[in-house]
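Just dropping this structure here.
Letters A, B, C and D name the chains as they come in the text, with residue numbers starting at 1 for each one.
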Amino acid sequence: MMQEHTLRKLRLLAPVIMIAGAGIAQAQPDESERMVHPPVDLTARDKSWDGGEKITLTWKLAEGDPDNVSFYRVYRSLTVAPLHVRELHDAVSDLHDDFEELDIPRDQLQQCIENVLQLMDVQGIDDHADLYEYTRELRHARLSMERWIQATSPTNAETARIQIIRDLDKLDDAIPTYEAQREDDDSETSAEKIAMMAVTEPVLQEIFGDDWKEDWEERIEEIPQDVRFQLLEDRDQAEEQAEAQVARDVAALGNQRRYKSIEDVKPEEWELHRGKMSYEVEKLDRREKYWFKVTAVYVEEMQDVGEGAIPREYESEPAMTVAGVQPARQWFDGVRFPLSLYVLIVCGAVMIYIQIARSGKILKVRTIAGLEAVDEAVGRATEMGRPIMFICGIQDMNDIQTIAGLTVLSRVAKTAAEYDAKIEVPTSRSLVMTAARETVQAAYLEAGRPDAYNEDLIYYVTDEQFGFVAYLQGTMAREKPAACFYMGTFFAESLILAETGNSIGAIQVAGTAMPAQLPFFVAACDYTLIGEEFFAASAYLSGAPEQMGSLKGQDIGKMVVGIMVIIGVAVATLASVTGSVHLNEAVEFIRETMLR
Amino acid sequence: MKKETLIWTIVMLLGAVVLVLNATLRQHGPAGSAYVEAVPQRFVDVSDPGEIEPYWISYDSEEALDYEICAQPFADIPAEKREDWIRYDQATLGKYLEEEAINPARNPYQFSLSRTIGIWIAAFFTLFIFSFLYKDNPFYKIAESCVVGVTAAYWMVVGFWDVIVPNLLGKLFPEWVKLWAIPGLEEPPNYWYAVPLVLGILLLMRLSPKGAWISRWPLAFVIGTTAGMRLTGFLHADFLSQIRNTVIPVIVFDPTNGSFDWWASLSNIIIVVGVLSALVYFFFSIEHKGVVGKTAKLGIWFLMVTFGAAFGYTVMGRIALFAIRLEFLFDDWLWLIDPIQRRVPIEEVALLWSSLSAGFI
Amino acid sequence: MFEFFQKLDRRWIFLAMFLAVAIPIIIQLDFEETPTDLAHRVFDAIENLPDGSRVLLSFDFDPASEGELKPMATSFVYHCAAKNHKMYIMALWPVGPQMADDTIENVIKEDFPHMQYGHNYVNLGYKSGYEGVIKVIVTNFTELYSTDTRGTPWNAIPMCTGVESVQDMDLVINISAGYAGTKEWVQYAVTAYPDQIRMVAGCTGVQAPLLYPYIPHQLEGLLGAIKGAAEYEALVVEKYKLEDDPKYHEGIRRMGPQLVAHLLMIFLIILGNVIFFIEKKRGGRR
Amino acid sequence: MKRTIPLFLTAIGGFVLIIAYYIPHTQGWGEVAAIWFDILAAIAFLLGGGNLMKIHLKKISDHKAGWAYSVITIIAFLATLTAGLGKVFSPPSMQYPDMAWSGSYREIGSAFWWLFEYAFKPLTATMFSMLAFYVASAAFRAFRAKNFEAILLLGTAFIILLGRTAAANWVTGWLPESWAGLKLENVTVTIMQVFNTAGNRAIMIGIALGVAATSLKVLLGVDRSYLGGGKG
């Protein structure tokens, strides 16, 4: 049983790597032909002002880039964080796929792997209880596989062998990390378990005979006490030894840290000019320390592309980071810093203008065609003695358009109350019904006619879009409202409503910020408030000077857009014309930092 | 008016006659019939007597071979250790006939009355809704009343099972919910979810005349959080990202050979000009006169092209929707066409037509 | 005659539209499809993935848009299954899982009976929260999807072990009929992780114009409306020799009525304008 | 008091979420708020559903015109509600066959599924498909070349309508390869990618600003019409 342990050491050290090396060497017999220079001065630092999952790497480009370098391969040290589970699983399932693909007969070997996979799938490999079983299977699989690779005749496809060896390497990466994790957890590692069993098994066998496995647990009392004590002592000792061994292994791991490649990156043109490039490693765990290495890789162009051929790759010596870097989380998300500036500019402008308006200065704004129609429509409804229909979209209160629709409703309801017209508000959401009742009630109160307010005219129909529309279509055809307002979020129903309204000859005013529905409202309604105009409508309609301030503020926002676009386009065009490195960096800065 | 009623009565009678003929002249039962496949579902609890949690597996699965209890016939398993029911999967007449020819005694496919009624109801609902295109009528009103009732309740049910149970009850009282609704739930209680519960109760205070004012609190909370989320969300997603996308060079060179790419340059110029001019249209502070007016006019042109494009695209979708409704009527209900060959050969339709025309002659 | 058209009762238009769609359906009129570049891009995105890749399919539509989107769903699922991709099916729309079940029933159960639930495909079901769902699952699936629709815990689903987030998917396919749909996926998944998440989408005609700005950087390919579906279908049919299986011709079949109806629309626009100009002329003379 | 507390709640809720957006630690709060909103909306169903019942029962008891339709609505409503909440004919989940309530409420074969499949689905889909008719009549009536803007609108629609079917091939299929850019299907793509992109971008930017300003007005209490009666 101690064999297992030796195996473990073996795996960590020589033979496989030798085999693997041999395999790859066979595929690339003339590696010495080409020397790729490594990148230099690799530095890693925590990305500041982020959520603690990014580290920025910077390195000087390798000598001979771009002619002799196709790309850079970035590696990062394996963590002992949850990632290991996935790596392990990936490695095993890759192996499994290899065997499926190669059409190897279902011998013991593949059975082993399948058993492992099944174990992992069913229990999840976090389950400590199955650890022993599981690692044992894995070890069997490895051993058999190595034998198979050694034994296979040269007629076997070379690529297949290389593939398997690569996958074995991956597995090799994965297992120690996995065990190191166990070590960290302070639970029994598989090595310890195995060592303990190695001590226990012969004793049990001696006492209970060959079929001791069957029922030793029940018969454990039958073991003489002194033997039991001795056994426990031995087990403890074995565990200690194994633990020490694992610690040594882990330490060895630390020295020859395991890496995995995360991405192949090419320098941008301007980076080539600068001779320096950087890369942001994402998705890191802020509880971990990371080491990185970067190599330069040259891929030879293939002359004749045959089935299954692997292009030759020449990889340089790595540039490595010496100290581990731990990503940290800051209290402010720096990526969003420019955003906060825009928010401040836009909101600040709105607030300042509101303040200016409150101080009594009259702000001039242009007229919007659809808005005069509002009073006209209400007036006509009164004349004709028919109701007004107001629909504030089909979305719930968590849509700002619904809220904007309600503010328009407040104004329409006030006018209606003054004219003594009947206003009907069917809603498609319960919360909107509640809010609309508040709104209309307030409007009636403001108009000095709280008694005329009838709660039952503001009612809920159904949440379903087309159920709601079916109801509206029927109701509009029957009640023939003189004026219809559609203010809020609308989807496909826009045209059903507008066409029905049109067929009964109602004045229709629509306002929405749904670009897809605007054409239908534009085509079938009398007036349409397009996009931003819809949000502006409430300010116009209220007539309150402070509301006008918000419109001025919005214009400042549009000016910011204009300035940014013009500067950006100018710089981008200059960069495109001149090909200047600095200008390209500037464009990059504008796009990726200022407008992120 | 009377004449119209008469015409409609005749049309409807004729329709009914055609339907009856279409139903009766079919060789294999009335048109619009639905067929199902009965799939027995059998489960066995294979947990050991000592275990608290039962472990159920399908009696017919491969896994069942590992357990001794499944070696005996299903009926012999103790009643508390087994559960079974029949699941009815959608099937087609073609499959039914195929199986009937080979193995009529144990045909898993069968006629389904409930689903046949369903198809007929669905077909009538479809016609009722379309009838509104002629004019409002009692049939449409029936369909309208049904759709309101059914859909309102539908969303309430969805809200209950998909929101209230997992996200409110499941967070506050996981142990209890686990007992009856979500057996697999393994979460510690999260008492933060008492906040929406309290807000919800405040909202319901509206039902009592005195408590109406307090129901504004949850509403205020909702509106506040919505405003907060949308403010940053829109500025980030739409405002910034659209500016970023517009930062493009207006003179473009082909990256492969360095020659001037007039097409890409032109498109980029149009995009930049379009965005800026359309934005000028939305300016509120300045009247649309002079240069501003002209630019705004250009902006409107861009908007109009955008609207036209959206219109053209949308038309496609609407027609496809209508086509699928007609396919439902012609295929599932009337069995006039059979585009995906779900039934027996089409000659039946020919038979129907010939007998119909024979009837008329 | 002119008077009749001038005051044309819209019910005549309705009748014309009805006939324009109904007749081609009954006589089963169809035309050859020449796929455009966008459809090729979608097809290639799926085709060029190595076999057995992980693909997330989000079914964000309901029966109301089945006419346009179901043919796409069918072809997407067929294509992924034929390439042996692992399909993770989810939905941002409450009825999405049912749409998914229908498609699974029609495609996988019938044509790929060997595919196993949990190994080759899984239906993760619907989660409420619109784009909120996307925001969460781009970094962590299990936070929302602790189980699939059948109640199997995430870790017990074989194909889900090792999957942490949307970033682990090799491709996201979104079939969307509106909010929340492709736009939200682009905004909150692709834009947030441009290097990790690739996406193609099929959408309704209404949405398509709004999504064009995202092509090709954020969205590799886009199938717009039934036309897009038919083009993509034509590619799948050609590649996998499905000429004899009418199930995969739904989009192509539906282009017949589509064409006639479009021609009718064009005729109506022209007619409307002719009337308008005659009116103007007469009015001018008066 | 009746007005101040709601205003205060609005402002607090909004500003907290705005600030939370910038702090890595709290960036998830927006999602929590969204879930809470869903819960609140689901509870509000009681108000909406109650109101629905009230209106229709009132119609029935008053024997208003068309009260019989209200009876249909109420029957449909209650039947669906019972079928769904009670999971009628809905088999248990496969993992827990002994727990009657463990299955999905919309399992195929259940009563709720039946209502969905044969009532909900055909009714809503048919309603949706009526748009095919309305689109036609709108095109006939509204798409007239009254001025240059209208010409642009209908011209674009025209090209897209043609370009998105096999008809495109008939009209411009004869053009030689060197003129491929003028083929209708390519013109369609150009319109979509250039003009449509520009127009939509401007609309989207404008909307974003409108949303921001409206939100701000709500948070600052400048706009508080939704808060109901009472000056203050």
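Quick notes
We adopt the following convention: a contact is a pair of C-beta atoms (placed from the backbone, for glycine too) under 8 Å apart; a residue touches a chain by one contact, two chains touch by 3 or more.
Being a predicted model, the structure only gives us computed values, none of them experimental.
The minimal number of chain-to-chain contact steps leading from chain C to chain D is 1.
Discounting chain A, connectivity by touch keeps the other chains in one piece. Distance between Cα centroids is largest for the pairing of chain B with A. Per-pair counts of C-beta contacts peak for the chains B-D.
With centres defined as mean CA coordinates, chain C is found 23 Å away from chain A. In whole angstrom, the spacing between the mean C-alpha positions of chain B and chain D is 13. Mean C-alpha position of chain A lies 27 Å from that of chain B.
Taken residue by residue, chain B touches two or more other chains at 89-90, 129, 132-133, 141, 143-144, 147-148, 150-152, 154-155, 158, 163, 167, 182-184, 203, 206, 216, 219, 222-223, 226-227, 229-232, 234-237, 239, 241-243, 245-246, 272, 275-276, 279, 282, 303, 306-311, 313-316, 318-319, 321-322, 324-325, whereas all remaining positions touch fewer. In chain D, the residues that touch at least two other chains are 18, 21, 30, 34-35, 37-38, 40-41, 44-49, 52, 93-96, 102, 108, 116, 120-121, 123-125, 127-133, 135, 137, 139, 141, 143, 153-154, 157-158, 161, 164, 192-193, 196-197, 200-201, 203-207, 209, 211-212, 214-216, 218, 226-228. Within chain A, residues 336, 339, 343, 346-347, 397-398, 400, 403, 431, 434-435, 438, 460-467, 470, 492, 515-516, 518-520, 522-523, 530-532, 536, 551, 554, 557-558, 561 each touch two or more of the remaining chains.
Chain contacts here are complete: no pair of chains fails to touch. By the touch criterion given at the top, residues 129, 132, 135-136, 140-141, 143-144, 147-148, 150-152, 154-155, 203, 206, 215-216, 219, 222-223, 226-227, 229-232, 234-236, 239-241, 243-244, 246-253, 272, 275-276, 279, 282-288, 303, 306-308, 310-311, 314, 318 of chain B touch chain A in their complex. Across the complex, chain C is touched by residues 30-31, 34-35, 38, 93-96, 102, 104, 106, 108, 116, 120-121, 124-125, 127-129, 132-133, 135-137, 139-141, 143-146, 154, 157-158, 161-162, 164-167, 169, 185, 189, 192-193, 196-197, 200-201 of chain D.
Against chain D, the residues of chain A that register as touching in their complex are 50-52, 329-333, 336-337, 339-340, 343, 346-347, 350-351, 354, 396-398, 400, 403-404, 406-407, 409-410, 429-431, 433-435, 437-439, 441-443, 445, 450, 456, 459-467, 469-470, 492, 495-496, 498-499, 502, 513, 515, 518-520, 522-524, 530-532, 534-536, 538-539, 542, 546-547, 550-551, 553-554, 557-558, 561.
Remark: chain C residues 11, 14, 17, 21-22, 25-26, 28, 64-68, 70, 94, 105, 126, 128, 146-147, 151-153, 187, 191, 204-206, 208-210, 213, 224-227, 246-247, 249-250, 253-254, 257-258, 261-262, 265 touch chain B in the complex. Put simply, chain A touches chain C in their complex at residues 85-86, 89-90, 97, 120-122, 124, 126, 263, 282-283, 465-466, 491-492, 503, 515-517.
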